[in-house]
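The data blocks that follow each hold one structure.
Presented sequentially are two complexes of chain A, the first with chain B as partner and the second with chain C.
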Partner chain A sequence: MRRFRAFVKKEFYHILRDWRTLIILIGMPIMQIMLFGFAITNEIKYANIAILDLSKDHYTQEISNKILASDYFILYKNLNNRKEIHQVFKEGKIKEVIVFEKDFARKLDKEHTASIQVISDATDPNTGTLLLNYTQAITGKFQVELNKHLEVPLQISIEQKMLYNPELKGVYLFVPGLITIILMLISAMMTSISITREKELGTMEILLVTPMHPAQIVIAKVIPYLILAFIDAIIVLTLGYFVFKVPIHGSLILLLMETILFIITALSLGIFISTKTNSQQAALLASLMGLMLPVIILSGFIFPVANMPMILQILSDFIPATWFILIIKGIMLKGSDLTMIWKETAILIGFTLLFTALSIKNYKIRLD
Partner chain B sequence: MLYGINEITGMTETYSIESKELTKKFGTFTAVDNITFQVNRGEIFGFLGANGAGKSTAIRMFCGLLTPSGGKARVAGFDVFTEREKIKQNIGYMSQRFSLYEDLTPIENIKFYGGIYGLSKQQIKKRTESLIDQLGLQKVRNTLVGSLPLGWKQKLAFSVALVHDPGIVFLDEPTGGVDPVTRREFWEMIYEAAKTGTTVFVTTHYMDEAEYCDRISIMVDGRIEALGTPAELKTQFDAITMEDVFLKLARPEH
Partner chain C sequence: MRTLLYLLEKEFKQIFRNKAILPLIFVMPVIQLLILSYAIDYEIKNLKLYVIDYDQSTVTRLLVNKFTASHYFILAGMSFDQDDAKEAIRHEEADLCLIIPQDFEKNLLKDGHSEIQVLVNAIDGTKAGLASNYANKIIFDFNKDLLQYYGIKGNLSISPEFRNINIEHSNWYNPDLNYKNFMVPGILVLLVTMIGSFLASMNIVREKEIGTIEQINVTPIRKYQFILGKTIPFWIIGMFEMAFGLFIAKIVFSIPMVGSLIVLFAFTAVFLLVVLGLGLFISTITETQQQAMFISWFFLVVFILMSGLFTPIENMPKWAQNITLFNPIRYFIEVTRLVLLKGAGFAEIRLHFVVMIISAVLINALAIFRYRKTV
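On to the complex of A and B.
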């Protein structure tokens, strides 16, 4: 145990003395979540919209006024018919079109229900969704005011339509994806680099001549990265929760346990890479090309797995990150408990055992 | 405490390293071919040979890094097949490649190696102070090793290899790239260690260093072709310097 402590201490010296890496390790997650967070959730002000009022009555007039009186919207154009909708979108000047159906006031008074259609330009899905939410909020308020004096409530239903990119889900869920990527980067890449560095410098040879068992050496080397990765995960979660109000519906303990499991999976992958490579450069390249790109592109972080061609969907099954993203999305957003994510958890454990076994096998081959 | 049975006389003697017909094969290639020799306690044993002659493979077997294919060997009294962990606890090792951490200070390096050899806190503290004193490193004790001159680094690396008081220290081309003055100082340290009973097993490419050894073996193509004191070898091969001996053996066609 004393040996082990001396070793872990040394690893911390390496990390703490290399301030450039340290800044990346701590700064990167903060920077990334700020960038992602603000790029996605920042308020939109003064968005250009067009209105197609097919009813032109006192209600539609009032709603239009309320919408335009807010800071969020500016009237770019009044439209006269539906054909103009696509035209005005193609000009690229507007983000949203609001359509009031024919006989809006009559329907609302007689049938107690009338519809507004909101059409958003979803090439920028975040903006589209936000504007839709604003519109809904404003009409919702108007509805409440109307209903104050009535016994039978009036209903204005909002019919929404996302143009150009109907698949919005996943885009908001950047926090799970971000945690996954950062953990992968720190755990797998940094450990593979740190182990190959000892090989490159020749110190690994000296270490193997000492009474420390190779497994002890490797475990001592990865412990600091486990701690660092865990701290980073907590930073991202905290920022996500407090700054961007990303909910954690499920058990926090379960979330943290799963996080540690995934860190260990990534660490075992990093160790595996380091048994296959002999220089820091090769390890870096292998980690970047072999891990980062698939994790970003195939794991469902940015592009929904369901929309991928079959071959890529199958491929994404072989990426540990895919399963971890499912796990934390489940816990954070759906409030899943272990009974709902046991399959994904088991798969991650399987990956960990596989990488560990492969590393041990490679290591033995190299010694003989 | 390092007893073994002398193969020829059958008498008990104090050998540090004992190798009998030790062999290592990689597939069909025989890297080390039936090497037999003994190294006495406190001896400075030169292990010479051209690059690729099999020196490194032999050293790796003695250090417990490689399993031999055949033969027998005991290091510090322990079997290289079955008692590798005990061997590792009783040997020090310094390689031609620089073996300290450049982003640690001399003190931290000593403490680290002391720690992984399982020394107690008090032992480490005592060892650290005496090593720093011996090497005259007081002024740079808290400077990162990376900024020290190469000669100092090598001397420090040697001290670190001795931090746990091993019975045997393996030095694999320890003076590569070091200036003559520092090499001289380095050899004084080797003598110092040998005097206190540490066995020194050293490989080198410098033939003047070979002359400093008590005994020398010269490996050619995996076999030991010559073994004896420098004077004996010069007589045997009718040579004036060790360099001539080496050239005659390693390049027989010249």
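On to the complex of A and C.
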């Protein structure tokens, strides 16, 4: 046991004396959650638009004002003819062009119907559709005002309630996602690299000829990373809770236990990667290219899993992060207890056992 | 010049004899491009709808049909108890719950107005926003249907005075709202950037760690030759990956390529110099590969998330938008979209070029300056 402790101490020294890495290890989660919380949202605000007003009457003026008075739109440019539309889109500065047809007011008053054309830059379909919806909502409101004096029979209206996240804050989803990504990085990548590093430098041989059992060597190696990862998780949780008011409805103890479980899963994955590779570069590329984008994209962090084609949904089931995100979302936002997330927990344990078994099978005591 | 050629030969040999890394450089990005491009789709279909219909009348049945007939919603369950609905949302078995009160139809016909309640599972803000948008749209249409339906039966009709503003809508550059047109070039950009910057940032530091850098330092190789020798091979690999990725984008995803590919490749060439320069700079200020990869990981995550690929830059607050001005990936993604989808030429993206060229010069000068031949 004393020998084991000495080993853990050695690993700690390795990490602590490398202050550059340490600063990033602690600074990164802070900076990222700030970015996520303040900068990255899917809500659209202040999209640049251009208006082509072929009529220039009091109605079009009023509608333009209403549109620009909302928080969604900013006027980038008034256009003078249709030819300019393509050019202004090509400059890439605007998302939407609103065209009022000729004689808008006359048509609206005399023929009781007039047209507005909305042209979206659909290279980003999501933004395009959302902006169209906002435009429609604003003109719809104007139309209701216009017809205020008339009774419109039979109207169904909706009363809407957003459960769990009434302001539709992106940060609610990002905090769980961010914790997952950081844990994955520190645990899986850092361990795999630190073990292959010993292999590459040749110091692994020295470790292996000591009377320590290989398992002890590996465990001693991962303990500091477990602690670091745990500290980072707590930093993110604290910032999320105090700065961005992301609630923790469920039990904090359960949340922390699940976090530790996931760290162990990621560590076992890191160990597994390190048994399969011999150079730091290969370990890095395998864990980065293999883990970074798939974890960001397939785990449901940014893109809903339910939306993906069937085959990818199945694939995302094989990513441990997917399950962990479900667990932590459940505990934090919905107040789930263990009875509601036992399945996800069991799956994570299963992954851990699988990676551990594979690592033991692949572990070579002799270096060639 | 001959020295440089020898250096290049050495680098290429080192890359190509490493059997573990080759597939990671050449096969993994292709697989990721293929898989991930299918994963990203903001258009949400098959939202799970839960219905609580206390009224059970003709109108409510029509309304529920209207919902399920749209391809946005599928019926996940029905019940007469609100708690069931909340439970379903809690277990992620429902995304949106429609609650229709008793006497809905009666009130509608008597007062001309009636209300339904919609509960949305809002944990995923984006999804909830879209779901509520769809619901609003469906109700909006249903209101129109209703007038027709009862107009025929009960002489209710809109007054001829009613003034209607008609909205015509067209989607330019991507009429089918195909997300792949938007995402595939973006993912390709990310993959090229990741490969380039990681390989470059780990390269010099690897020589440091193994000790071979000292052997190079004692040779008469000049600083700039050494840096060039480290840059050119990865630059070639990056250009190759870009070309190969575009080929796949064309063949597999039929991404339109309206603009000139020459413009795009010219930009890629400059962009790669920036990315590689950044990698080399990181390489010169770090001691171990672990540090190097960690720092470049840090920058990459920030660059990727603030590139406008996953969340539009317009949505960010002003200060964050200003930060993105220093993000090379942002420019590259904009350029791929402008050129491929909108057919922009040199004239429209000259500003992007200027920014990229200045960054390339600056960062590479910094890398050469930081690289010390003495220990």
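Operating definition for what follows: the second predicted complex is superposed on the first by the 230 of 368 C-alpha atoms of A that agree within 3 Å, B and C clash if a C-alpha of one lies under 4 Å from a C-alpha of the other, contacts with A are read in each partner's own complex, and residues count from 1 in each chain.
By our rule, contacts are C-beta pairs under 8 Å (C-beta built on N, C-alpha and C of every residue); 3 or more make two chains touch, one makes a residue touch a chain.
The shown structure was predicted, so the numbers you read here are calculated from the model rather than taken from an experiment.
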Which of chain B and chain C A:203 touches, first, second, both or neither: first
Contacts of A:251 with chain B and chain C, given as first, second, both or neither: neither
Per-residue contact with chain A, leading partner among chain C and chain B: C
First (chain B), second (chain C), both or neither touched by A:362: neither
Which superposed partner A:10 touches (first chain B, second chain C, both, neither): first
First, second, both or neither for A:61, with chain B first and chain C second: neither
A:18 touches, of chain B and chain C: first, second, both or neither? both
Partner chain(s) touched by A:38 [first = chain B, second = chain C, both, neither]: second
Chain B and chain C footprints on chain A, overlapping residues: 18, 201
Chain C to chain A touching residues, read off their complex: 18, 20-21, 24-25, 28-29, 32, 35-36, 38-46, 63, 86, 89-91, 108-109, 112-129, 132-133, 135-137, 139-140, 142-143, 146-147, 150, 156, 158-175, 177-179, 181-182, 187, 190-191, 194-195, 198-199, 202, 206, 209-210, 286-291, 293-295, 297-298, 301-302, 304-306, 310-312, 314-317, 320, 323, 334, 337-338, 341-344, 348
Contacting residues of chain A [partner chain C, same complex]: 18, 20-21, 24-25, 28, 31-32, 35-36, 38-48, 63, 89-92, 95, 108-109, 112-130, 132-133, 135-136, 139-140, 142-143, 146-147, 150-166, 168-170, 172-173, 181, 185, 189-190, 193-194, 197, 200-201, 277-282, 284-286, 288-290, 292-294, 296-298, 302-304, 306-309, 311-312, 315-316, 329, 333-334, 336, 340
List of chain B residues in touch with chain A within their complex: 63-67, 85, 88-89, 91, 93-95, 97-104, 108, 111-118, 120, 144, 170
Residue ranges of chain A in contact with chain B within the complex: 2-3, 5-7, 9-10, 13-14, 17-18, 201-203, 205-212, 367-368
